[in-house]
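The same chain A turns up in both complexes below, where it pairs with chain B and then with chain C.
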Partner chain A sequence: MVMADTHICRIVSHSESNAKMNEAYEEATLIARHQEQPMDTIRVWQNESAVLLGNSGEMEISVIEDRCKLNNVTIVRRASSGKTIYQDQGTLNLTYVIRQKNLFTETENLTEIYRRLCEPVAHGISRFGVKTEVADYGQSISAQGKRLCNTFVNFYYDLILFGLSININTNLNVLRQVLKQEDDSTTISAVLGRTVSMEDASKTLLNSITEHFGLTAENQNFTLSEEELAKRLYQKKYSKDEWTIHGRSPLSLRDVLVDLYVAYPPTRSCKEIIENVKSAITEFRDKVELRIWMHGKGLDGQRCPPGVTMTGGLIRASKESIIPAVIINGEIVFSRDVPSKEDLRSKILQGMKG
Partner chain B sequence: MWRLLIDQTTEPAFNLAVEEAILRHRKDGLGQDTLRVWRNDRSVIVGCHTNANEEVDLEACRKMGMMVLRRTSGGGAVYQDLGNINYSIIAKDRSLSLAYDVLDVYRTFSDTVLRALNSLNIQAVFCPPNVILLNGKKISGLAQHRFYDTILFHGTLLVNTDLQSLSAVLLRPKQEVTNISIELSKHPDASDVSNALAKSFHESFGVQFSQGSLESSEIALAEELRQVKYSTDRWNIQNAERIEYG
Partner chain C sequence: MEESYNCLICNGKLQASSQDSTCVYCGKMEKADYLCSNNHYICEECRVSPAEELVRRTCKHTKEKDPSKIADLLMKHPSIPMYGVEHHYLTSCVILSSMKNLGLFDIDSSKMDKAIALARIVPLGSCALWGACGAAIGLGIAFSVAMNVDIMSGEKRSTVLNLVSEALEQIARRGGPRDCKASVKISIDTAKKFLEETYEVNFD
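Here is the complex of A and B:
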């Protein structure tokens, strides 16, 4: 593909091998790109032995956990959707986090986009002498009829996260032992009958991608705020069974979530509640997340912005038009009236104590 | 004493703004509890949580020069024209000793509406949660909106609506709709409906009505709400522009 303008992106290649932490980095990269990071990112990393489930996939832990334990394999729920896959230090992960319009036109459908994101990786693999094919509507790369690469995807505002999990030297014996389903996977080394180093694979595939898309790439590390966000995501989400087993995101990355449900446009009383809540949380600034929802308008002008979970209390307030409502950690604690700052503070403190 | 308000204005954005203005006014303890009867020019009104794209053929509306507006209550999209009569109750909860249960409120109000229709020889039935049927077809949809200690309860009444336009602009009506004029060959007008409703509300809740008009402060607030809310695409078709995500 020929690009009209050279597009600059950063490459973040790092040595973290904790699979849960790496998923936290995935989500942090996506959020940061939306909020503050000016460049698209291509991220490269390898995981310890892990089975990775799709973010909304049915849990198969009861089926696979014994086999995972036996093989010292961690079970992780991804930030992205896609099938359940196995990875280890012989698997190369490569993720694009890009603003869709930077590489694609509005008329390109998702299948075309997936295919075009796979193509340079397939070309890169072929440089080792492996004849490859982009298969499954752009969602995998195969060689000799067997799967060399799985993909995973997530969307966030106008961003796309597209990841490829490429079997370079993946241990296929462990893969077949731990995965429930029949697997037709292979590795580049198995196809070639020789070992390809992870370094060579990484370098070759990145070169292929940057050449293919005409990208000017800069090697960078994660920023401090990305590191901090990833750490919070790990602590509150990816390291927790609530996410891994049940697929439930935490209500907030902070200790207490306060949702305010008010009229649009806010009445004087609604403005008074907003001010009271803001004042009540001042002393707990880093521990409380405040979201102000407006009836019929949602949060920040969107009914439910990407990545935001509507709590049970908020859904009830919305459906039953309970205006105003103060909802703390998903429970309606004040409704149809203006609570005092003292009452609000007391409820927030209760929320912190869990 | 309640106010019986028979509005002559048929501009949809202003009418929706008036409804919210009365509600906000009443919430602040101003004005009177009100039964309002009103009609809109050709328009499509979507529920406050509705994605207009999913329920309305926006392109057909554009071609037909029809406005698409968003009301403050929930529920599905409705087509309106002068053949449709709207009725609204805006009152303090305490005036009607209302429960907070949404379904209970529908049941309570629908009983009153059915009695009013009965008095006009329209033998309709309530179909929970919020529809009134005549001969098995929808003639009225109900919605409610709670606001502090005040309620807005409103409904439509298909008397002689252009059903062809209705089916052209609504993408997936949940029920078959009909006009009272088709089923009964009669055309109750806004005055018939408002009188019947006032009588029925009196019987149900013991309230008295006197015919009134909008207060100047309500009109001023309605003008403001029309300007900042009901005449803006940001409010009316917001969700049609929503970015989809996986």
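Here is the complex of A and C:
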């Protein structure tokens, strides 16, 4: 394994009793890692009984809702991709949130990276006496031809969130009742014919990861801003049926999203519009998210970074070269002209009222 | 927001400037706001121009004889996307512009407008939907407009048909999924070969 030099990684053991809040923390860690640059993170956590849909998973196809209600199983939609899975207190989650270039200096091949992130977990499981196999694309870890572990992945700018959902003592009866699709899952305890404690599993697998990657682990809690971000994500996204059932994510975590589409480099009118917008949103700083997109260069010079969604109005402005353009909550409200601060303020207020 | 910018033409670092400079696209001379070390300047109007306007402005102004060079310049501009219908009229206009600068046919700006209007009819994905790539059709449109070809024309009609079929054959031989930039290049090369062989022109 080729690794970067000695690498410090924080370990955050944090579980919420609300499965939707747990998912909010997953996304919050990823976004905060980009905004505040805390160190690479491994989160160790567990869920109460829950079915986790992938970000584009369809509830009708994969979940039996009546049986979920009967068994008190919460249905949650993840922001990460991957298959629909069942989890409970017998399932251990390990989530890496890493900057790709920090941990993997010699490859950009994502499936290779996924496989490598699975390897120490597979080695850790084998320490219990279970012979494991990592799938070709790192999508699962199996034993005796059955799935012990599913993986899920999400991206934000140059960050990867890679999660492993490991069946230690997961209740397979409930799993088979609530999932519609045929499932070949098993658990470490079922393979061994004895119960493995969650604590033992957690310690063994974490040790295996830190040894494998030569990581110096620091136990830490989530930061205050991660907690605040998780709460906001929960309120605006994960607690809503719009997300859980339909998979429609809010445009922004704030009340209003203002996209500005300007020339590269900005013209005089583009600069003027940027100044006017910045000035107009001063009083609503906490309620407005401003994104400045540049023609041909995108956001922050990264075109459309992973994890950032282009709104319909922005796509139109980009395709039709409507420059400059002010797009509020996905609608083009000013095109080619420079609006006054008062006009901008009035449109932003309209956006807040929805 | 990004505070330092790079030149769209050569990727060199742009510096704030107040020097009199000529826009590489439309040829307008004015005080530049940003200039790279190779003196590339793009005026504000061209920076915000939609594709069609940019192609029209550039092709009407340029004195460049080589259509490949005009196409390369246009395809560096962010208003020309990676793929799309813009490549259809771009092909027509750069060929017409080259013909004008070589002194071939009687090309005025109305012919470019006519070519754009005709090329605009060709839909996105005509390569797959019609079996005829829009860039190759753009080549046909350029020669049709330049030589005033109509349905009753004899030899000239054959010339246009042959040019398009030759370009289409090359595009088909290249294989793979759609690649608008490559199709533009093939169509322009077909036009250049024909002009060289027929009119003994030099594109330098």
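Simple rule for what comes next: the second predicted complex is superposed on the first by the 337 of 354 C-alpha atoms of A that agree within 3 Å, B and C clash if a C-alpha of one lies under 4 Å from a C-alpha of the other, contacts with A are read in each partner's own complex, and residues count from 1 in each chain.
Assume contacts are C-beta pairs under 8 Å (C-beta built on N, C-alpha and C of every residue); 3 or more make two chains touch, one makes a residue touch a chain.
Predicted model, so just to flag it, every value in this text is computed and none were measured.
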item: Chain C versus chain B on the shared chain A, clash or fit after superposition; value: clash
item: Chain B versus chain C as contact partner of A:321, first or second or both or neither; value: both
item: Partner chain in contact with A:303 - chain B first, chain C second, else both or neither; value: first
item: Partner chain(s) touched by A:295 [first = chain B, second = chain C, both, neither]; value: both
item: Touched partner set for A:35, first chain B, second chain C, both or neither; value: neither
item: Touching partner for A:267 - first (chain B), second (chain C), both, neither; value: both
item: Contacts of A:153 with chain B and chain C, given as first, second, both or neither; value: first
item: Partner, of chain C and chain B, that touches more residues belonging to chain A; value: B
item: Contact residues common to both interfaces of chain A (with chain B and with chain C); value: 263-265, 267, 269, 295-297, 301, 319-321, 323-324, 336
item: Contact set on chain A toward chain C in their complex; value: 263-265, 267-270, 274, 292, 294-297, 300-301, 319-321, 323-324, 336
item: Parts of chain B lying in touch with chain A, wherever the complex brings them together; value: 24, 27-28, 48-49, 51, 70, 72-74, 100, 102, 144-149, 225, 228-229, 234-235, 238-239, 242-246
item: Of all residues in chain C, those that touch chain A in their complex; value: 1-2, 5, 8, 14, 33-34, 44, 47-51, 77-79, 81
item: Residues of chain A defined as touching chain B within the complex; value: 81, 153-158, 263-265, 267, 269, 295-297, 301-303, 306, 318-324, 336-337
